Amino acid sequence: MKSIDPTARDCYLLEIEGVELGPVIPGQFVHLRVLPATDPFLRRPFSVHSYDTGNRLLSLLFQERGKATGILKELKPGTAIDVMGPLGNGFTLNGVARALLVGGGIGIAPLYYLGRRLREAGVETRMLAGGATSLDLPAENYKPHPEVQILWSTEDGSRGYRGTVVAMLKEHLLKNPREETADMIYSCGPTAMLSEVVKTASNHRIPVEVSLEAVFACGVGACLGCVHPVNAREGTRYLRVCKEGPVFNGKEVIFDA
Amino acid sequence: MKSIDPTARDCYLLEIEGVELGPVIPGQFVHLRVLPATDPFLRRPFSVHSYDTGNRLLSLLFQERGKATGILKELKPGTAIDVMGPLGNGFTLNGVARALLVGGGIGIAPLYYLGRRLREAGVETRMLAGGATSLDLPAENYKPHPEVQILWSTEDGSRGYRGTVVAMLKEHLLKNPREETADMIYSCGPTAMLSEVVKTASNHRIPVEVSLEAVFACGVGACLGCVHPVNAREGTRYLRVCKEGPVFNGKEVIFDA
Amino acid sequence: MPDPVISVKIGDLQMKNPVMTASGCYGYGEEYQDIVPLEAWGAVVVKGTTCAPREGNPPPRLVETPSGLINSVGLHNPGIETVIERELPRLGEKGVPVVVNLAGESEEEYIYLARRLEERAEVEAVELNISCPNVKKGGIAFGSDAVSAGKLVAKVRENFSRTLLVKLTPNVGNLPEIAGAVEKAGADALSLINTLRAMVIDIHAQKPVLPAGTGGLSGPAIKPVALRAVWEVTASVNVPVVGMGGIFTPEDAIEFILAGANAVAVGSAIFVNPRIPAEIVEGINSYMKQKGYENIGEMVGAARQ
Amino acid sequence: MPDPVISVKIGDLQMKNPVMTASGCYGYGEEYQDIVPLEAWGAVVVKGTTCAPREGNPPPRLVETPSGLINSVGLHNPGIETVIERELPRLGEKGVPVVVNLAGESEEEYIYLARRLEERAEVEAVELNISCPNVKKGGIAFGSDAVSAGKLVAKVRENFSRTLLVKLTPNVGNLPEIAGAVEKAGADALSLINTLRAMVIDIHAQKPVLPAGTGGLSGPAIKPVALRAVWEVTASVNVPVVGMGGIFTPEDAIEFILAGANAVAVGSAIFVNPRIPAEIVEGINSYMKQKGYENIGEMVGAARQ
């Protein structure tokens, strides 16, 4: 572990050196072992926030929620961290010309890496990022790439649009003609928010991919513990968030199971 | 927690600030909570290595053995540590004119505080301290008090007497007339060593007090988990090491149960 | 908003809060006195008490396991007469209800113990320990079979008029059946659970760490099993239940109450955090305020709806 | 000194080392292939397989507990035909023995499953799962009673000629009795233990975290209970035992062997440390050298002397 820095209320940027991941697709995650002891017992999944293949430098952006993240934020620089990954299916990058990234809360974590990679691939990329207050958002100039525009929203209006990021998305899509908004929406955040994003995208007939969360044990598809109901050809199937996901076609995900 | 410093192979000096213990008797221990998580689950007992009432500065000298001590040695300065104590019965300080302190390995931990307090009370105090090699002993000039002489022993002869601390004790008692050696022996170390020290003291008719170890749960006498067999008036009794001990009259302790 | 009501009545045992000590983890209430006042507890359940004094099992008696503790204390206690003479008068003055945990080797012993306490007004309730995994005779043998458990409880019931709790072992396949038999036999309440039979082997010495071989596992490791036991038993039994096993946080205690326990007891966690009774009371209070409960009784079993 | 011999034979199941996967924790051997080679294991026990495909229980299916994990997967599996067509041929090529864990809802289903595999040479052994706590019908009902367990095993025995393991549940009061009945009915070996029935309640939502209410507890939390089960059963049973439940370190595995297990299986710990089979093999090797054992068989049950 190289460094750990607060970026927003209860949020930290963790940099880990010397991690050999090979090629990473945005949306993929790493599975971290937090302690050698057994409480907390399981590894914890975190989306790749950025990865520098040359310097083998991995960054994660995480929010303190419970035991494991409470321990992570107290680690001493220099402590070894056991990293498995990259795992799971990432976002689809091909065939996109104009991308809209919609992140709620800590859901912005994978979107930074996605934004940078899309922009590097020449995709016109815009990010909508929301939090409760400006304290819950990273610095205004914290960007995935200089050419990625970020529109901020806060529920109390303390930065940018006043309202939820979904409300901002709706306005954005209404105000701008489809050709200028997006031919693909990517989203990550709380499940209730994702459900709204998918509905909104569908109303506008824009394809949408979402990154889901679940409690993980193995992280590689072996334990069948992390499933989420998804509409498949054969009917409703329980697909593994760690293996078939965490990124799914938003229109196939069943949100109100 | 203020600082942590290596003192010998796998041994560390831990200083904790702002600990309100009140009066401490040498030989008493504190019961530490190592982590808020539940693995390791129990507190761990450590003898007071020194306590400065005015500055409320507590020092412990500990050896890495397993889970808890492995975690302790990695703590960041500034981390809060939950300390219960002082607990247990300490060494008898009254009525002693010439004291001999016999410590094996990390068993020297409580003897430093004892040595200082005896010397401050005007008792002529000498310490015999042994380890496997000089790497297992603290620096040669690490003393409880300038006027306490330390005789070192190592099994490989790399510092001081070549042999065990018990062998050194035997020689010391044989070579010197009783009036010049001690009217009280205090000892702490591995059980097998304590057993030998008690035998030796008995042969020389010198009273002896030993500090025992046991696995502790409560540390205050409530769980009856830490008992050791002791010869009492009523016959063999299981006494609580945390409450009636950890310091016992060596001649009453049953070592080969 | 007024403070929520958290006092609880189990049989005739009236407690100002629902947090009790688990037997064997708080001695006779004296040892922790300097660290945390006895008065923090809703009731104090003392160490398992037998007819004659017992020195208990040879050491070592404890072994730590991941998130748990195995003990093999073996009912080390001064015997009922000393408890009556020395411990009860002192405990009786604290204003906290006292429950005596009783362990016999035969029906006669249990009856004798109950009769001796019937005479002592300081004792609000007894808890029949028919679930100790650490003694050879009696105890768990009664608790492992519905018929003998019922018979024993009925006999004790005839001899003890105040509140009778019966503490059950989870080391069985038919806990609800045993609980039902004990209820029918006249128990006022059930205590769930005692420890799980368990062991650790010392691989260097190549023998069990505990001279007795096996011991009883307690602590956070067993909480999910204890909670399941309470959930399962309260589905079919009508007497109040005292839930215990691995309670370590206020949230744990709330889980037990939501599962159907009318009160909770804390054992091993006291060793780690002696301040736990006050923390649990505080946690329950703020939970109730947040959820809008006025009386703790409304919470009991709320996870079942 | 030559390397100690750590190969093990359980019935006709020949393993180069005594470390197996626990069913349900290694899928069908494919998922971990990139992280740690299948070949590290002495044998691979695949996910519980049923007659028809099953989608399993609704999510959430997992909840972490102190040093443990509760699962409520509910035998999510593609069904015996798909396993035979798609998984076995691939697994059969790895040179590691394959054991199929079988779960039925009735005697007929167990017999059908055993017969289907009797025809498949890739399958060295089957493990009868009569201990799954996560399905409503079958499974654990057979495993909770000595008579029905014996009857079922005898029937399957008539229909399967290769190695037959039977996996037992610890959620009973008479494990040695059930183990004895299963041995008498012709099992070649016993697998001990499946998970402990357990639950967690979500205090905010006021309902069990798992939609099924209860699930099965695994992981280091249950190791002391599992070890006791192996210790107790191997005292009275003569067939080999595969010990499992909470193995997390090489020392844990050695404890099980010293307690009487002929081989061990690792489940939940794989999730945390996929490299565990090689570490355990290495740990056993150096322990044997240190203690002067030449063959692992000498170690089995050594803690009992």
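Labels A, B, C and D are assigned to the chains in the order they are written; within every chain, residues are numbered from 1.
Note that in this section contacts are C-beta pairs under 8 Å (C-beta built on N, C-alpha and C of every residue); 3 or more make two chains touch, one makes a residue touch a chain.
Here the structure is a predicted model, which means the values were calculated and not measured.
Student: Suppose chain centres are the mean of their C-alpha atoms. Which chain sits farthest from chain A?
Tutor: The most remote chain is B.
Student: Quick check: which two chains are joined by the most contacting C-beta pairs?
Tutor: Looking at every pair of chains, the most contacts join C-D.
Student: Indicate the whole-number Å distance between the mean C-alpha point of chain A and the mean C-alpha point of chain D.
Tutor: 37
Student: How far is the middle of chain A from the middle of chain B, if each middle is the mean of its Cα atoms, in Å?
Tutor: Going by mean C-alpha positions, chain A sits 54 Å from chain B.
Student: Quick one: report the Å distance separating chain B from chain D, using the average Cα coordinate of each chain.
Tutor: The mean C-alpha positions of chain B and chain D differ by 47 Å.
Student: On chain D, where are the residues touching two or more other chains?
Tutor: Within chain D, residues 65-68, 219-221, 248 contact more than one other chain.
Student: Among all residues of chain B, which ones touch two or more of the remaining chains?
Tutor: 37-40
Student: Among line, ring, star, complete and other, which one matches the pattern of chain touches?
Tutor: Contact map by chain: complete.
Student: Enumerate the contact residues on chain C facing chain B in the complex.
Tutor: 24-27, 31-32, 35, 47, 55-56, 58-69, 71, 73, 76, 219-221, 248, 268, 270-274
Student: Which part of chain D faces chain C closely enough to touch in the complex?
Tutor: Going by the criterion above, the answer is residues 65-68, 70, 144, 171-174, 196-201, 203, 206-208, 213-214, 217, 219-225, 227-228, 231-232, 246, 248, 251, 254-255, 258-259, 287, 302-303, 305.
Student: In the complex, go through chain C and note every residue touching chain A.
Tutor: 66-67, 220
Student: Once bound in the complex, which stretches of chain B touch chain C?
Tutor: Residues 33, 38-43, 84, 214-229, 236-238, 243, 257 of chain B touch chain C in their complex.
Student: Given the complex with chain B, which residues does chain A contribute to the contact?
Tutor: 35, 37-40, 67, 71, 74, 76, 79
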